[in-house]
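Listed below are the structures to be examined.
Shared between the two complexes below is chain A, which has chain B as its partner in the first and chain C in the second.
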Partner chain A sequence: MMIAVLASSMSMLGSTLLPISGPMAAVNWHSVLFLLFAAVACACAVAVVLADNVVRMAFYLVLSLASTAGLFFLAGAEFVGAMQLMIYVGGTLVLLVFGVMLTAQAPFVAIKTSSSDRVLAGMVGAALLAVLLQAAFRVEPWRRPAVAAEAAPAATPIGMALLGVRVDEPAAGVPAAAVRSGYLLPFEIVSIHLLVVLVGAAYLARAKRRRTPRAIDVAASSVGPVVEARQAARSSASALVSGGGR
Partner chain B sequence: MADFLINTVGLPEWLAWTVTAFVAAALILNVIAGGALVFIWAERKIAARIQDRLGPTRTGGRFGWLQSLADGIKLLAKEDLMPEGADGMLFRLAPYISFCASFCAFIALPFAFDFVGQRLNVGVFFVVAVLGLEVFGVILAGYASASKWSLFGAMREAAQVVSYEVPLGMCVVVPVMLAGSMDLVTIGEKQAGWFTGWYLFHDPFTFVIFWVYVTCAVASVNRAPFDLAEAESELVAGFHTEYSGLRWSFFFMAEYGSMFLVSALAAVLFMGGWNGPIPVATLLGLSEGTGDTANYFVRLIGCGNLVLKATLGVLLMMWVRWTLPRLRIDQVMTTCLKYCTPIAAAMFAGAMLWQLAFPGGIVRGLSRPAGEIREGWLEGPGGLPVGRGTLMRKSAAAGSSELLAEPLADAKSEAGIDSQNVVQVVP
Partner chain C sequence: MNHLAAVLPSVATPLFAGLLSSPVGVAHYLVVGAILFTAGVVCMALKRNALGVLMGIELVLNGANVNFVAFSSPYLRGEGAASLGLDGQVIALFVILLAAAEAAVALAITLNFYNNHATVDIDRAEDLKG
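On to the complex of A and B.
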């Protein structure tokens, strides 16, 4: 995974090597690196499906997502690449933790997939691939050979657009008023949405407090807050231990 | 360096870039590995002094300074063991994943103005994101070892790192906001001059949030008092219980590499990066553009400055480690969720309001004019500032999309961006 990131960064070091001269002029190094990352991403994606251990699946998923991040870095989209690393690769971390916790009952549980499931999944996958391929080949500019595109530093225009100021060049035929407003409203909507989710998660996850106090708590009411805090701490600690322990 | 190889040595371009990349990688590797040797020795000595002992005294002369080298040879000669029930592939890979995460984060870290593996537009973000991936190695190691001590350690580590990323991110955002850029090189550049220009002394809020950052950084690299993942008094050795020899030492190299990294990040974000407390180079008249040799000299000094600051940060972590007792897991969570996160959030809001009220800064206003700082928040490609006023005025007056894009296009051509960031689309 990290090797993929490393190689992508190195490829960025070499991103100015476009006008290649000399004996290696025939080799397009961007294509080589692109094919490398694409191959790793695809192979690991297949490995996710074929692996029979949850943790290994998560590990292959991490590799696949990290190579996708490498592709983003290769295309000069640094912000998207870093986002990919933080959100998807980092998010798989939680998946991994759940995998460990679920399989912790007996180590290295193998998950068997029935052959009918494999056939069904293969059909769905093939259908999706067909649709995507057809859509991809329909896009006119993508069928032309090797066009040099300009990659601007990614973070500033994105940040400005989210604040409501577009500094990038709008596409032809788009009215100026639509461009000028940027993405402030969608950004705010998504932010509020995430905040609500955060509050909801915190509410669901917090320790339930007992309604009727036990006799021992009443007796110890002079040091009430301390006892309560200790209980809360103990319950959260024991939840963690019992979750990860067996 | 690539230009030098192409123009002076006469290598073909692709070879020149490959050599440049490998040299950068080798230098970073040496910083991590060599740093680990020095820091392990320093840790032994500091631990010993704090506990009123002498520490290593014999190996390699008076101060035992060859002790870590002897340790390294011992580790190389150790038998490489793997538990019988372990998941072989993951068990073997885990140390390298940890090490690679630590290594990759160094790519975007500037050691001086131009001494950076790869200058990234989103450097801060990249470093924080990659640093968070180090925990993968620990979790995989804990799981694959098929040992309950390892699994306990890994789960604790997961809970701790995921929690501490939140306040850490908030602390990191404040210098980004003040500098108006996520580029680590730009952030370091903005703090040039006297030490009063450092973001640590920008306002009271940044001073407080620096210490929150220190706390979170210690927690995120698993150093005591937050070293629950290895907790040798409860969990034998935590996630690396089953490891021995070279694989084990990779975990340690990753740990010391990360310690150095978060300290260097603190130096760049809050303590002026490669700018010393007193601008010696400027006082001597050695500024940018004096000449290649002078430039190089200035950058070497800057590199020394940064390494010194980062080393001080690492020594601070060691001091803390051997002074404070380990926290319980609930105390770790309390520290993060009840103290660090709210304090970081409040300080973030405070720093924002301060920036609104005193755009030039109080202390900072003495050393440089106020207007200079604000303009940087909207930067064109290649670090060239685009005047915000012109952009807004043009877009408002004309309402035309062509005019809106004009300053940016100008800035691009001026910065020579065409030759810099052109990416070929693969057919």
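On to the complex of A and C.
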């Protein structure tokens, strides 16, 4: 719905501003926006790999994830795109940037990798990319142009599915009698998981009290007579107990 | 804009005419997901900064998310292709949530390591092996 409105408004904009010649009238603005977001996402992902400075890596990662949110909007998953912007870009990346700032001492901002490692990783990455691209283009229906579809906004069905009730239409290609389960149990598991992670992260990253041996020595020496008297009393008591045991 | 309208077809027609005028399909999204995934794997393998490894993990999860959303999309499906429907979007949401949790714990471990060893170079974390 939103994509159709966006595409029609953009084509109207084009027809009013531009003198429509033959090739420009046939431009599919959905594809143009897809190419824009995909180019930014892929270029910034490669830039994350190539950059040495960790602060610039974080910046490129923000751009890549935001462009991916744009791709989600173009695919009709508005709610997932909004969550990507809010949780990933707004939450996780801010957390990472705080980590960068907390550890950004001078020798750790740019840690170089050796060039032989770079070459090896480039070869492995190229091989993996070749395999994945071959798999992406192999299946025939994936390559066909999309058919026109009218889809409802997805936020309400997602919320009902998380509560265990499916209100959406069964997808094409799925038999109607197939059991479609809701997501109440995974939702609860993720909730408990987030609670445990919150407690665990707060426990791991807490500020520890410094107890140096020097301070302990000072404390022990200042209360020395008391400790000695206490040890004498304890030894006499243990002797009394062991003697009573016999 | 007139200049752009005059220049763009002559330059980009041989290369991009098919891409610009035909609708995108699932395969286009799969290419983007493959590039993000590969960049993440290489980033995880190559970076010596612990935070760089975390960024590689985020890229890998993001590439998987692109694939899930593409398979669940009603706009990209070709004739006769099956679709994940709403399931793909819900799984993508779970992946986003688990990535946030993973980043929180991994960052806490990294800060703890930094407090104890005064470095974030994972090549110098040799006493962490069991």
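By our rule, the second predicted complex is superposed on the first by the 146 of 246 C-alpha atoms of A that agree within 3 Å, B and C clash if a C-alpha of one lies under 4 Å from a C-alpha of the other, contacts with A are read in each partner's own complex, and residues count from 1 in each chain.
Simple rule for what comes next: a contact is a pair of C-beta atoms (placed from the backbone, for glycine too) under 8 Å apart; a residue touches a chain by one contact, two chains touch by 3 or more.
Keep in mind the model is a prediction, meaning the values are calculated, not measured.
By the touch criterion defined above, A:Leu85 reaches chain B but does not reach chain C.
In the overlay built on the shared chain, the residue A:Gly70 is in contact with neither chain B nor chain C.
In the superposed model, A:His30 makes contact with both chain B and chain C. Contacts of A:Thr156 after superposition: chain B is touched, whereas chain C is not reached. When the two complexes are overlaid on their common chain A, residue A:Val49 makes contact with chain C while staying clear of chain B.
Looking at the shared chain after the overlay, A:Val62 reaches chain B, while chain C stays out of its contact range. Shared interface residues of chain A (contacting chain B in one complex, chain C in the other): 3, 17-19, 21, 23-24, 27-28, 30-31, 34, 74-76, 79, 96, 100, 108, 144-147, 149, 151, 154, 166, 168-170, 174.
In the complex of the two chains, the chain C residues touching chain A come out as 1-2, 5, 8-9, 13, 16-17, 19-32, 34-43, 45-49, 51-52, 54-56, 58-59, 62, 65-66, 69-70, 72-87, 89-90, 92-94, 96-101, 103-105, 107-112, 114-115, 119-121. Within the complex, the chain A residues that touch chain B are 1-3, 5-6, 9-10, 12-24, 27-31, 34, 53, 55-56, 59, 62, 74-76, 78-79, 82, 85-86, 89-90, 93-94, 96-97, 100-101, 104, 107-108, 144-156, 160, 165-170, 174, 176-177, 179-180, 233-234, 236-237, 240-241, 243-245. Against chain A, the residues of chain B that register as touching in their complex are 12-15, 17-18, 20-21, 24-25, 85, 87, 89-90, 96-97, 100-101, 103-104, 107-108, 117-118, 120-122, 125-126, 128-130, 132-133, 135-136, 139-140, 142-144, 146, 148, 151-152, 154-156, 158-159, 162, 165, 181-182, 328-331, 333-334, 378-382, 386, 391-392, 395, 399-401, 404-405, 408-409, 412, 417-427. Contact residues of chain A toward chain C in the complex are 3, 17-19, 21, 23-24, 26-28, 30-32, 34-35, 38, 41-42, 45-46, 48-49, 54, 57-58, 61, 64-65, 68, 71-72, 74-77, 79-80, 83-84, 87-88, 91-92, 95-96, 98-100, 102-103, 108, 111-113, 117-118, 121-122, 124-125, 128-129, 132-133, 135-137, 141-147, 149, 151, 154, 157-158, 161-162, 166, 168-174, 183, 186, 190, 193-194, 197-198, 200-202, 204-205, 208.
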